[in-house]
Amino acid sequence: MENAWIIPLFPLLSFLFLIFFGKRLKEASAYIGILLSLASFVYSLLVLFERFTSPTHKAESVWLTIGDVQLTAGFEVNQLNALMLVIVSLVSFLVHTYSKGYMHGDERFHVYYAYLGLFTFAMLGLVLSPNLLQTYIFWELVGLGSFLLIGFYFYKEEAKKAAKKAFIMTRIGDVGLLIGMILLFWQVGSFEYDEIFAAVEAGAVSSTMITLTAILIFIGAVGKSGQFPLHTWLPDAMEGPTPVSALIHAATMVAAGVYLVASLFPLFTASETALMTVAIIGAFTAIFAASIGLVQKDIKRVLAYSTVSQLGYMMLALGSAGYVAGVFHLMTHAFFKALLFLAAGSVIHAVHTQDIEKMGGLWKKLRVTGPLFLIGTLAISGVPLFSGFFSKDEILIAAWAHGNTVLFWLAVIAAFFTAFYMFRLFFMVFSGESRSDMKHVKESPSVMTVPMMVLAILAVVAGYVNTPWFGTFLGDWLTEGNPALGHGHIEGPSWIMIVATVVSLLGIFLAWLIYSKRSLSRDWLGASTLYTILYNKYYIDELYELTVLKVTKGLSLILRFIETFIVEGIVKGVSGAVSGLGHLGSRFQSGQIQRYGAVAFVGLAILIVVFAVTGGYLK
Amino acid sequence: MSSVPLSAYLALGLILFCIGLYGALTKRNIIIVLISIELMLNAANINLVAFSKFGVMPSITGQIFALFVMAVAAAEVAVGVAILIALYRNRNTVNIDEVNTLKH
Amino acid sequence: MTLSGEFFAFISLALVAVVGGVLLLNLTKVVHMVLALVFTFVSIAGIFILLSAEFLAAVQILIYSGAITIIMLFGIMLTRHDDTKEPKTGLLRKLLLFLGILGFAFAFYIGIYNLDFGEVSTTLHENNTEQIGIALYSKYIIPFELTSVLLLAALVGAIVLSKNDQEKEAKKE
Amino acid sequence: MNFAYLSILVFSPLLGIIALLFVPKAKESVIKTVGFLATLPALVLSLMAYFQYRSGSSLERLDEMVNWIQFGNPNRLGELFSIKYELGVDGFSLIMLVLTAILSTLAAIASMYIKKEWKGYFMLFLLLEVGMLGVFAAENLILFFIFFEITLIPTFFLIGKWGYFEKEKAAFSFLIYNGLGSAVLLIVIMVLFARTGTSNIEALTSILAADSSSLVLSEGGKMGLLIAMLIAFGVKLPIFPLHSWMVRVHVQASPSVVMLHAGILLKIGAYGIIRFGMGIFPEQFQDLAVLIAVLGVVNLLYGAFLALVQTDFKMVLAYSSISHMGIVLIGLGALNEAGIQGAIFQVVSHGLIAALLFFLVGVFYERLQTSNIPNLGGLAKGMPITAGFLLAGAMASLGMPGMSGFVSEFMAFLGLFREMPVLAAVGALGIILTAVYLLRAVLGITYGKAHREFAGITDLRKAEWVPALVLLGIIVLIGVYPSVLTEPLTSTLETIMLGIGG
């Protein structure tokens, strides 16, 4: 555990090596990436096991000295970190493997692997950070990795836009985080998590300050986790390669926001307002994104909105003081959403389109991908016995127990939506008639299917580490020795579980009726205004276009006006004055010595007369 | 001993100098300008010689200086007229206004 | 200031010199101006005699009244003079210069007015030429020799400058 | 160390000028090699000084002092006015010396884009280097001013002769603005010199610090001098609204000149404000802190907004320089350790980043003859490595952690948030805007569909790798291990903090 800092260095090594020598290696770059990510996974696993028995380990050294203040860098292995390490390195390793098949034939293959290495490095670094500053550093680097991978197909105009949007939208959040973090620093005098918590607990920070900083930091999380209103970049980010969507925009980076709130949980619990904000934003995002997901036609976009919605769920959990529920859902979601994305990638790989209207009847052709996709769908829909069921249940209980009745019912409706659109997706892709133009559909190679299988197994069993039936092992472990995080398991009325099950089954049934059995018309909503609004994602992008962008642009133009007319005017004035003086002077330079002599003499005469009359200055 | 005071000689020198100066700065003809300069030099000579007789320490040095001034003046006039002739050959004028090559 | 012969001589010589100068400025024909100048030079030679500088007086007449005036006349003859065509100097400049010179003269006059170091009996008038000769060949030998170099340079320079560049013109043709 | 170490360091480029005198005009490669080699002694010597300082030897040993000019009437004044030839460095100026030496060497490499009259170019270039090194090594205001002027004249010619289309105009506006700035500076220096009888910086600091009862200078006088000094250096920095000359210069001058201009010459302004403004008039500076911070935020936002609407990439970078210099002011306005350290970091960091970006502009301008963003696009296809460096440079510029830009931005804001949180929050908007305009420009150039065929266009040549890689390497080094800068700065900061009583 003392050497946990090595874990992020493996992928960094991979990044550096591939960026410099990858060009010669071509597709052999994949082996380097896979091997090094495997190394960090194995190491993370060892750290996790060690963490079961030994206490939190923290090591730091000075990074930056500002006067008397020393900012440190180091690493910390506590329960949450250890868990996240394993999740991140595992998904990363699987995606590395999967990509070898998916990206086969791309001419910038090695660059892709290099970027994956950079991202994994940053994400692992983020997870290991013991203080806010370091978190922020890796937080930004993660964003960089995400940006690079979204824009991987740089020659596509959409990819370029998406990458830019992703970077800028998250940056808006990041500035919130930065401000919050700095304000907190001047209150506490340190960026260290421990010291912040100690100060908060000791009441050294005023409650308004806690609320303010917590909300500012939450804005950072909102940006990264694609929460409303900074969510629009996440669906657009689907322009990147699909495995990237699985790694970054489903399992790891977008969960960083949740992770951040979880890491700073004691700060948030100290302010009821902050908690409430988190919960409301979370719940609203959950249902908001889910409703958009109902009508999208791009397979990856549906998954993207589902991710946004699930992240909202996690925020709701944390906002309802359900620390364990949030982290638990983060873990299960990482597995089943990564699985779904990889499976979607496999489908896209086979049919070369992302439009679900053009798919259908693939169940028979993709004998491996189909069932795997189904497992993922079942898990996310919260069908009993799958992992999603347990974690979602935890969240609902937490929300109920915290007294957020309205939010609770919102979450229930979101769960219904989730089940519906996921199965809509499933039925439209896999059931029904096979399309004529899809004859050459081939199952993906095993290098792609095996990682999916691993994820599928986890998507099924990961829930059993924390169940009301077999013990809440995860919860107990996470909260061990840290009462600020709340209890390992929150008791709730058992009808919640039944309601959740019923709701999700209802969603599945409805989807089946409409999209598989076709007993209900698919066009029942098609032409309505509601459909249009949903399909256009509530016109949020357009709204931003009209407000923020227009204002910025307008301001720029006004300033340009100032620049060209006022500032340049000053310049013109100055240069005009100078050249005017020059012209005036050059008139005397007639070239006639006699005139020069006359001027010089008159000057001398004046001086002499003055001298004679006043008797001299130096008397 | 002498009935004419030093200041009278100096005043004469001053008047001649001023006349020469005025001529040098206002006349258009280069020859006149040269002549005026000679006049100024002569005025200076009067002063030198006057001081050589009525100065704090009267000595022959003042006269010798005047002698040198004359030599230099002669050289100056020779070169000046030579330049004038060369100029006249090129420009066909002796008007000082048209000699403004310094401008360029 | 008694009305001695010396005073009378000074007054008349000074008058001639100043009148010569003034005429120099106001005559229109260049040759007349040179003539006026000769009067001035000669009277200055007279002043030199009053100041016990007989040798200088002789040199003054030889060089100024003789050589320089002749050179000037050559200059005048070798160039063309359209007195009528010459534009007059601007009145403003003339006025300004005149005021300037008046001020200048005034200031200096304050300085030299009543300047008197007292009379010391001198022997300048005795063997004046011999004295100059001794001083020139003893104390001032180096400047004296340098003067000859200067004159030589002026000689060469004058010849080079005024030489008609026949080779060039031959080439042109 | 040894005798005249700093003098040799400062004047070593003169050797190159002398050597160039004997090289025939037409021998392009020889001239370029000599020009490049002549920058090396300063580089080696400054790096040696840096590492020796890091390993614990004191900087005082480098100080030099020789009597230079003396004048005045001792009977009347009691003593002579004497100007001494004094060279010396502290941590801050040592860093600036190293930065100058590095950038000069790299700019000499980047001078391969010069197309004509290499001999004159390199002679001026080396003279400029002497001036820049001298500015940072001078311990005496008058000596400083002389070196300051030495930088002005070669820069004028370098811009006016070897630039692009409107180079003369740019050169003249450069000269007018900086000339006026220098004039103001000269007045300040002369007043100080006349009032205190010394122009040594340390002596001035201590005289004015002891002058609590305003014997030497009245309070108003000090404030006036400080404001004049701010204007003088503000032109150089440049502070809004004195910036428009700088935009022209950045657009019109050739890449190697802009590398030095953006990298070092602008930083002389910041150096002057920190060293002289803050050092000599600490109390008055405190009174002006709010104004400076506000100016900083204005610079930051104004530059950013204008960069947003430019179509020429060079214009974007020029306005981005204005914006980034705002961060220097923000840091100075904060007037605490974090802020000042951030400002100094930003000085160094922006020097490197701007040099990198302008070098890359030169790289693709050389190949494509345009830097207009709408005419470019998809460059990553034809020139992936250049595009990669460009992106890395942009990331550094917008404050990506792990690169030097972040450390400086972070510290400057850390400082300001302590003193003026609201103003700092407004300034933080600039961070977002920076990302917006840089991405817009850089992605516009490298990403998207290619507007033209890149056939026959080569990616980075070997000689072009060196500046790009070295600069990026240093940027990352500072970003990852900022102690390379903080440790030498410790004593300088302590002195400044002592002055402002914080």
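We just call them A, B, C and D in the order they show up, numbering each chain from 1.
Basically, a contact is a pair of C-beta atoms (placed from the backbone, for glycine too) under 8 Å apart; a residue touches a chain by one contact, two chains touch by 3 or more.
Which protein is which chain? UniProt says B = NADH-quinone oxidoreductase subunit K; C = NADH-quinone oxidoreductase subunit J; D = NADH:ubiquinone oxidoreductase subunit M.
Note that the coordinates shown come from a computational prediction; the quantities given were computed from them, not determined experimentally.
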Whole-Å separation of chain centres (CA-atom averages), chain C against chain D: 64
Centre-to-centre distance between chain D and chain B (centres being mean Cα positions), rounded to whole Å: 58
Centre-of-Cα separation between chain C and chain A, whole angstrom: 99
Chain A-chain D separation of Cα centroids, rounded to whole Å: 37
Multi-chain contact residues (two or more partners), chain A: 598, 601
Where chain B touches two or more other chains, by residue: 21, 25-26, 97
Overall pattern in which the protein chains touch one another (line/ring/star/complete/other): other
Contacting chain pairs - touch in the sense defined above: A-B, A-C, A-D, B-C
Interface residues, chain D side, partner chain A - complex: 172-173, 176-177, 180, 240-241, 243-245, 302, 305-306, 308-309, 336-338, 341, 378, 380-381, 384, 395, 400-402, 406-407, 410-411, 413-414, 417-418, 421, 424-425, 428-429, 431-433, 435-436, 439-440, 443, 446-450, 482-483, 486-487, 490, 493, 497
Residues of chain C touching chain B in the complex: 1-2, 4, 6-7, 10, 14, 17-18, 21-22, 24-25, 30, 33-34, 37, 40-41, 44, 47-48, 50-53, 55-56, 59-60, 63-64, 67-68, 71-72, 74-76, 78-81, 86-89, 93-94, 97-98, 101, 104-105, 108-109, 112-117, 119-122, 124, 128, 131-132, 135-136, 140, 143, 147, 150-151, 153-155, 157-162, 164
Complex contact set, residues of chain A against chain B: 589-594, 597-598, 601
Chain B to chain A touching residues, read off their complex: 21, 24-26, 33, 96-97, 99-104
Residue numbers on chain A that touch chain C, as the complex places them: 595, 598, 601-602, 604-606, 608-609, 611-612
